[in-house]
Amino acid sequence: MKKTKPKKRRTSVSKKVGMPPGSIIYVGRERTENASIELISYTSDSFSKNEYDNCSSLKKSLVADAVNWINVDGIHNQQLINQFEAEFGLDHLLLEDVVNTNQRPKVEEHNQYLFLSLKMLSYNELDQDIDNEQISIFLGSDYLISFQEKSGDVFGSIRERIVGSKGQIRNNGNDYLFYSLIDSIIDNYFLVIENVGNNLEELEEEIFNNPSQNLLEKILKNKNILLNLRRSIYPLRESINKLLRENINFINPETNKYFNDVYDHTIQIIDILESYKDIISGLKDSYISNLSLKMNQIMQVLTIIATIFIPLTFITGVYGMNFEHIPETHWKNGYWFFWALTTIIVIGLIIYFKKKKWL
Amino acid sequence: MKKTKPKKRRTSVSKKVGMPPGSIIYVGRERTENASIELISYTSDSFSKNEYDNCSSLKKSLVADAVNWINVDGIHNQQLINQFEAEFGLDHLLLEDVVNTNQRPKVEEHNQYLFLSLKMLSYNELDQDIDNEQISIFLGSDYLISFQEKSGDVFGSIRERIVGSKGQIRNNGNDYLFYSLIDSIIDNYFLVIENVGNNLEELEEEIFNNPSQNLLEKILKNKNILLNLRRSIYPLRESINKLLRENINFINPETNKYFNDVYDHTIQIIDILESYKDIISGLKDSYISNLSLKMNQIMQVLTIIATIFIPLTFITGVYGMNFEHIPETHWKNGYWFFWALTTIIVIGLIIYFKKKKWL
Amino acid sequence: MKKTKPKKRRTSVSKKVGMPPGSIIYVGRERTENASIELISYTSDSFSKNEYDNCSSLKKSLVADAVNWINVDGIHNQQLINQFEAEFGLDHLLLEDVVNTNQRPKVEEHNQYLFLSLKMLSYNELDQDIDNEQISIFLGSDYLISFQEKSGDVFGSIRERIVGSKGQIRNNGNDYLFYSLIDSIIDNYFLVIENVGNNLEELEEEIFNNPSQNLLEKILKNKNILLNLRRSIYPLRESINKLLRENINFINPETNKYFNDVYDHTIQIIDILESYKDIISGLKDSYISNLSLKMNQIMQVLTIIATIFIPLTFITGVYGMNFEHIPETHWKNGYWFFWALTTIIVIGLIIYFKKKKWL
Amino acid sequence: MKKTKPKKRRTSVSKKVGMPPGSIIYVGRERTENASIELISYTSDSFSKNEYDNCSSLKKSLVADAVNWINVDGIHNQQLINQFEAEFGLDHLLLEDVVNTNQRPKVEEHNQYLFLSLKMLSYNELDQDIDNEQISIFLGSDYLISFQEKSGDVFGSIRERIVGSKGQIRNNGNDYLFYSLIDSIIDNYFLVIENVGNNLEELEEEIFNNPSQNLLEKILKNKNILLNLRRSIYPLRESINKLLRENINFINPETNKYFNDVYDHTIQIIDILESYKDIISGLKDSYISNLSLKMNQIMQVLTIIATIFIPLTFITGVYGMNFEHIPETHWKNGYWFFWALTTIIVIGLIIYFKKKKWL
Amino acid sequence: MKKTKPKKRRTSVSKKVGMPPGSIIYVGRERTENASIELISYTSDSFSKNEYDNCSSLKKSLVADAVNWINVDGIHNQQLINQFEAEFGLDHLLLEDVVNTNQRPKVEEHNQYLFLSLKMLSYNELDQDIDNEQISIFLGSDYLISFQEKSGDVFGSIRERIVGSKGQIRNNGNDYLFYSLIDSIIDNYFLVIENVGNNLEELEEEIFNNPSQNLLEKILKNKNILLNLRRSIYPLRESINKLLRENINFINPETNKYFNDVYDHTIQIIDILESYKDIISGLKDSYISNLSLKMNQIMQVLTIIATIFIPLTFITGVYGMNFEHIPETHWKNGYWFFWALTTIIVIGLIIYFKKKKWL
């Protein structure tokens, strides 16, 4: 289980050092599956869906006057990426960003298309960690190409809505599809946050009941998830803001209000992130001070025991000495005198501890 | 008691994931009461008040040349919200914000109306926590619609002033009503802050008298209240600032000075929040260092007891040994010699502790 | 003594909740003295001074072509405030700020006058706390009205300079008087800072000599004073900056350089505040780590005592056993053998502690 | 090993104090090797490479209409630097920056050339520290001069690409070479970061398994590496940004997109730096709280042992006393009664500890 | 030694409170020496140097078409300052700043001169503290007046260069002299920083070898030096930036590049300050966690000793009881049985401690 984390981080730049700048090299985890390409074309009336395993015949298959959504699963296939560069005239440096899965979310407008790179995050219940996948989208005038790292049902609900003609998606252009993709990704951010929120609540209760070392590890894990989310959401907010500020050709002014909404969501996520950060730092403080409290309790027990018995043991020592003349040992009720003395000392100490509020 | 907090946070986005964007779905707590609609129409001379339970005949009931205040209790009724969209031409995305009770406070100007969403916070003495309610206001040219999450007397004093024609409210337009609603909400923020302030004072005294684990929980609770307040007040300040900067059609320039005043209040609240944050961090420091101090005291008692009795017990051990020739045991006054020795050691140690300032 | 702090904070907004916005309600401490009004009129040649107890004949008493300084002690008299509103045409909302002693320092230019609200802070040696008083100033074209919360000698030295015709004050207009008032208030800020500085030095020495719980309370008290000062000085700096940036009619361009000087002072105070904040956080660190050091010393003493005597006591136990055949007990010099063994163990442990640097 | 760090920091300004401003004085480590100068000239067709040991004949050797890259190893040779000033008309103050190895990264445009100073960082596995080397580049219209502190293979891969005509380098001008140099340096930053990332992962595991003092030293070492990286990357980002914002004559507009890419990389590094900073502070917290946890465990063992045996030892003391009448000692089964009593106490205490969750 | 610090801070504003604004009152340490005035006049060809003890004949002594540098040692002489006001027409408020040694560094351009106030800091090896001296410079068209707090060799090396005609100083105007003065002061900042750097290194080693209370005091002392430096350098950077941004008449455009260089130096110092701040906070963390580590070690020793001997002592207690029938005491080899039991327990505990990694 633990080994997965190191692996993730090691998806690594070292492969690229020493290469000519602008080299298209996939830096993510090794993968062996074939890449798959799916083309969905739709208008309000028509709908078609086809799968391809290379790019050559793809451009001819685009349906005119329809929304053409090309979804590519598997960016580890370098050849395929090169084909896209040739076929659709996508920029070399941007394709480099597509395969560099450590890319920072960003938006760039080119003559032929709008490019957006962002992170798909989803909470993995099993590992109690988040899965991180880079999505890159090229929005051209008559097509939308999305590159995914892994095959998966990220956009499942969007496909359903297209197929079932639910909502407004079939009545709108590819800019609305573009918006829907972003929106569904951000909805997943909310799910991640909600999971973290639930974790924090559970941790809060556990900390006050039973502070064990485990807890700090869990706190830090949730903090790292927030850090991860933060590294995804801040640049995304900037990107969406850029989309809103600048007049982007590929986005219909009427669709703009949807991006406004998305922008509001990114700010809301950031707000929650910041308050969770504060909550986590509060949890850490609680954890550490509860450790101290527990220590105090342990010390208190030790001190009470020791303070009561050490003097008593001293007295037993006194009457265990072998001096020839210890008067008390010859008293008839010496032994009971000893117990009386002992009882008085114990009662005195208990009163003292009560006063100190240790009992 | 504890269960209420988790529930609140779980008012949750997960219901919305996978839905088409722009779906109007109430994400707050489940509620079963009927929603109620109240229409208050007034001019400086006239006043009328009616209740409705749906929206259909509402628009016709608006009084011309008067201030028409429509107050809606209960945003969980989706049908009702849809009626408002149809009747008053309210924007779909904004109504989505109305029912999404996790919405961040914001202001938006549309052609037909001005939209403001903000949080009503009130201190709940019972839970020692704050109640959080979202208020959304549409200010049109001849109406003001306010949506409340729960029925309640939030705006009671405003109603009284309208009915009793107290203050300037009856002589002013619906922008003044708009201002009065915001003002009364912000007044409640001050009350929340004041309660937190009182709590902090009590905590301060308790910490120096009796630092128990409970206190940290209380400190964190107050910190969370401040965090909550902060998440409401910062975006509200931005919104009010936007109202002031931009020339809003729906607000009379003469009413502007009142919004200036409201703006000053938001800044004042933020100032207090920041200083309370500092005070709370000071309380935490006090709490933790008082734990250490208490530990030191416990250790000191233990050390004094042990340091005094361990050597004495050793001596009793010595004279309790069964060697055949221990000269002292045969002394006539051996036993008194032992007590003299003991007394000297105890006095010496007490002097030592006095010097160390442990006694 | 302790009760004064809660009272201060409770000067409280709760009186205002539910009132129509813009209500003039004094929120400070209850006061019963009569308010007093003093009018000082002076030119370079002439000087007159009169006292009034209401506002009615005041406006007629203003001397033409002279500086007319109206100083009002006691803003708790609501009637009086209302008279000023009527007589001098002062804005209702600003007068609300005058009596709201929790007001944030601010400047506002109106057609008839310039309004400045700021905090008079003075160090109270007795409580080791600061006294906080709100001063509000209206600078009109031919008068300057200053409202003080309490009667007191805040502006004593200015009066002396006017009476004695010291400095440049008699040769300048009411804008110079305005500047002099602000300058004397800021001079008092420096005094407060200096007192805090001295306190910090004393605390520094005490911490390294004798860290007691008391000290943390003192550190936090000084920190709160700085917080208080900060809440006064930051908005004041903004206000002065606004005075400098905007062309204020009521201030002669030649007087501007004096406000430049005041602005420099506010920045200097902020610099010192920031460095004192760092010093205080250093003191807290010292305090807490000195607690740990003291703990270490206590533990060390305990450990040394226990480590030396526990083995020795074990040996006495051994020779105190009642086995029938313990060879050593029958040795002629068994007892001395015991003491030799004891001595060797003690010397060995002392060498060990020396090596550990515990002795 | 430890001595290397002090030496580095002492590369020091004190040599310069008291000198006339603008003195060209090398402040780095003492070096004795000769400086070496290498001139590589290339076009898409031709390629030549020569070495020189002084600057005199260098200018004549530049190939017209080709990219001329002059790489200087060894800035400690003051005479050589002076020759460059004379030959190429490089600014005196800039050459002072070249030899001042504590220079902050910066860019400056002059009439004849563009100047960029930046830091080459590489991770040194041996010391687990980073090597720091200052690179200064003058980009003229027909030459590029790079000054390196040490001879070394920093630009090895670029030389290979030039020689082997790999990538686009031979088809582009000296601005592309300029870009390639910067790009290869930034690639090394990623390597340093990756090493730090790996270190942090290892530390994370060690902290939870075996918190020793060593670890804190290691944590701080990695933090210092990040600090170092930060001091290099922030000003570099500014510099690149300046290159992008301003229209630099020496950079072809077509090459601009590469600098855009470099800029993205600097931001990405900064993002990672910030998140590593958070991770490090998390590690420190873990380390410190694990120390406390270990302390708690130790105390717990001590308390359990003491709490069990101290009462038992008291009982043995009781029955070891020499009173004449201790009834139990005369019981037939007194000894077994003692063991029964002992067993009951031990069982009772174990139940108590179980309840306290100490066992 | 310790008394010097309080004295410094008490150079104090309280002398000024209640005085008319703009009073010229020296607030530094009491001084009794006479002030001395030195006039150095030079061109590239000529050089003259004279001393004066008042200001009256000074203006006539200025050499036309030469650089006239008037250096005043001793600003405590109020009369002298007044003379300068009269002779050179220096502004009253600025002279107030000259004698107010708590002044914040600033620059101001007047019609007749440019005013710059800054702090001369030098490291005092004896106190391990820094000496703080305020330097104020008036740069007129044909003179430069510098006011120093104390006589001293601050500008010694500049005088040497003027006398010896070293560097470019004799060939440039008084703006270059102005630059040289600032440059030599900033060079001293680097020296201070270097000393702090060396101190930090030493502290780092000491902390890991021998954490004593002394160390925290030293850490805080160095932190205070940095704070002091910071309060001097930040406003100086602003001032230099202002010099660069605005077109100052008194500075030749050609000299501007030198001020650019000075500006770079101030930024470099700030960079180092910030990283030293981080290092110091790291040292504090190390110090505190090393205290905990030491505590752990002490506790460990105590626990090992106690855990081994307490059970053994119990056993000796058992066989020291006076029950009539203790079977083991009658065994022939009872005593050796006891030692065997003891040995087994000790070995068992040692194995347990090894497993716990306490040994």
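A, B, C, D and E are the chain letters, set down in written order, and residue numbers restart from 1 in every chain.
Rule of thumb we're sticking to: a residue touches a chain if its C-beta (ideal position, glycine included) is under 8 Å from a C-beta of that chain, and two chains touch if they have at least 3 such contacts.
Quick caveat, the model's predicted, so the values are computed rather than measured.
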Path length in the contact graph (chain C to chain D, fewest steps): 2
Each chain counted as touching chain D and chain E at once: none
Chain B on chain D, rotation in degrees - Cα superposition, rounded to nearest 5: 145
Distance between chain centroids, defined by C-alpha means - chain C, chain E (Å): 27
Gap in Å, rounded to a whole number, between the CA centres of chain E and chain A: 43
Sequence positions of chain A contacting 2 or more other chains: 288, 292, 295, 299, 302, 306, 310, 313, 317, 320-322, 326
Starting from chain C, with chain E taken as the next chain, the full ring order: C, E, D, A, B
Contact footprint of chain B on chain C as seen in their complex: 2, 5-6, 9-10, 12-14, 16-22, 93, 96-97, 102-104, 106, 210, 213, 216-217, 220, 223-224, 227, 230-231, 235, 284, 287-288, 291-292, 294-295, 298-299, 301-302, 305-306, 309-310, 312-313, 315-317, 319-322, 326, 328-335, 338
Residues of chain C that touch chain E when the two form their complex: 157, 161, 166-169, 179-180, 183-184, 187-188, 190-191, 194, 197-198, 201, 205, 208, 257-258, 261, 264, 267-268, 271, 275, 278-279, 282, 285-286, 288-290, 292-293, 295-296, 299-300, 302-303, 306-307, 310-311, 313-314, 317-318, 320-327, 357-358
